[in-house]
Amino acid sequence: MLTIKRLSLEDAQILIEGASAKAREIAVPMCIAITDDSGQLIAFERMDGGKITSTIIAQDKAYTAAGAKRTTESYGVASQPGSAAYGINSAIGGRLVVVGGGLPVIMDGEVVGAIGLSSGTPAQDIECAQAGIDLLMKAFAKT
Amino acid sequence: MLTIKRLSLEDAQILIEGASAKAREIAVPMCIAITDDSGQLIAFERMDGGKITSTIIAQDKAYTAAGAKRTTESYGVASQPGSAAYGINSAIGGRLVVVGGGLPVIMDGEVVGAIGLSSGTPAQDIECAQAGIDLLMKAFAKT
Amino acid sequence: MLTIKRLSLEDAQILIEGASAKAREIAVPMCIAITDDSGQLIAFERMDGGKITSTIIAQDKAYTAAGAKRTTESYGVASQPGSAAYGINSAIGGRLVVVGGGLPVIMDGEVVGAIGLSSGTPAQDIECAQAGIDLLMKAFAKT
Amino acid sequence: MLTIKRLSLEDAQILIEGASAKAREIAVPMCIAITDDSGQLIAFERMDGGKITSTIIAQDKAYTAAGAKRTTESYGVASQPGSAAYGINSAIGGRLVVVGGGLPVIMDGEVVGAIGLSSGTPAQDIECAQAGIDLLMKAFAKT
């Protein structure tokens, strides 16, 4: 039997709080998805004005980051033409996303969930996702 | 009427044994899928720590290798931008995988099944898949 | 943060061992799938002669039992015409299975994974799935 | 290693010849699908006037009959409300068909492929599918 650490709903809400605060700061309404370590959805918010297509993409970014234990941005690099993971973007029915904005949430070296952002540029999506993780890490540092 | 040779469950277990031994040796927990000559699943193992996304990708690598009678790696070469098979990676709803790690299992010149590995780098996936095939070939050489 | 218990690959192999022993005893070659608590595949075996359609159905039975924390058989009762869950069988693109043969694996009151069998009658599938759970429980009782 | 018998393309053409002759006789333009033992398509014909929806349904009937080693009609009986296989019709993304017209092709006790008909009533579909099998059996009896 294995023992796994996993984000709680309270953790997921802190991730969203941090990400949406940054999204408001840069004035980009975002879709924000939080999954557990298995890529299954825990919480989701579409800020007013967030993109419809991003309701799916944000979830798939978080699924990819949790499931593959890496950022979706890193897959973008690894899957360029001529690289070893070229073509991976259409795997799992296209659910595997190689565009930045999906980040694993890591505690004590273990992936405990992921956050996926979509609606801005990939750089904006990443910035807001990281803001969510920063807020969660600050909350854990206090306890 | 055609007569077809096909991996048995026992053969599939030997393939997994060989692949997982190599995976332990290189310390990369893998997802390992074995399909028959038609790409239908015979056996699967996710080693503790193997990636969630790889549960699907390993199966689809084996499906591709069995179904197309070639390595998924060779499709990666053939589907680069400007090449004739460009874009084939999204075929069959994305099940056709062009990333290395799917190898056909060939007996007397016929594809009798396939092995698909995922969770490491494509080079590691290929190395472990080949180790599975090597062990099966050794087993057949003895009989 | 939550702490979750989850089947290991070794546990999954014991579940398969118990189920396949019963399947041989009743002379019905089975497809046997083991998933974790999130319904993601850990291990799978198609005994020689197991049905092709059952490679999918066994996995989806385990997915349903783990994900919904109940037997697929109980869904069959709850989804009869006129019942409250009528029509649930086509949910999740048809992955939610309401035919018997998917059982959650429960440890200390928590679902830690699931086992799904397919190829026999639902009664046979259930009998073999239960045999897998029985063997795992016996193994845990010893430790 | 297993040794499997499987329909050849020539066999498949005879199955279609027998089924379409009967379809012309009863004046119902049919979709006719032939799969191998794994449910993978070998041959298909849509007679002029055959239904568009039946191009999929005929294939899925043959897939079901080959994969599950039984007629789709028998699944219709087994999956009635209150029966053990109730709800199976939506399995495998709805590919598992429980309407008559899919028949396994059996040689020496082994399923070597299947034939699926669609466009008429289930009774007409079954009649024409059986006519295909009858012609193939006659051809084998001669050799």
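Should a chain be cited, it is by its letter among A, B, C and D, assigned in written order, with residues numbered from 1 in that chain.
One rule holds in what follows: contacts are C-beta pairs under 8 Å (C-beta built on N, C-alpha and C of every residue); 3 or more make two chains touch, one makes a residue touch a chain.
The shown structure was predicted, so the numbers you read here are calculated from the model rather than taken from an experiment.
Peer 1: Roughly how far is chain B from chain D, centre to centre by C-alpha average, rounded to an integer in Å?
Peer 2: 31
Peer 1: Taking each chain's centre as the mean position of its Cα atoms, how many Å separate chain C from chain D?
Peer 2: About 29 Å separates the centre of chain C from that of chain D.
Peer 1: Quick check: what residues of chain B touch more than one other chain, meaning two or more?
Peer 2: Those would be 8, 38, 40, 48, 52.
Peer 1: How is the touch graph of the chains shaped: line, ring, star, complete or other?
Peer 2: Topology of touching chains reads as other, fitting no named class.
Peer 1: Show me, using the given definition of touch, all chain pairs that touch one another.
Peer 2: A-B, A-C, B-C, B-D, C-D
Peer 1: What does chain D use to touch chain B in their complex?
Peer 2: On the chain D side, the touching residues are 1-8, 11, 36, 38, 40, 107, 112, 140.
Peer 1: Of all residues in chain D, which touch chain C in the complex?
Peer 2: Against chain C, chain D makes touches at 2, 38-39, 63-64, 66-69, 81-82, 84-94, 96.
Peer 1: Help me check something: in the complex, which residues belonging to chain C touch chain D?
Peer 2: These residues of chain C touch chain D: 48, 51-54, 56-57, 60, 75-76, 79-81, 89-90, 93-95, 97-100, 121-123.
Peer 1: For chain C, which residues count as touching chain B in their complex?
Peer 2: 8-9, 12, 38, 40-48, 52, 55
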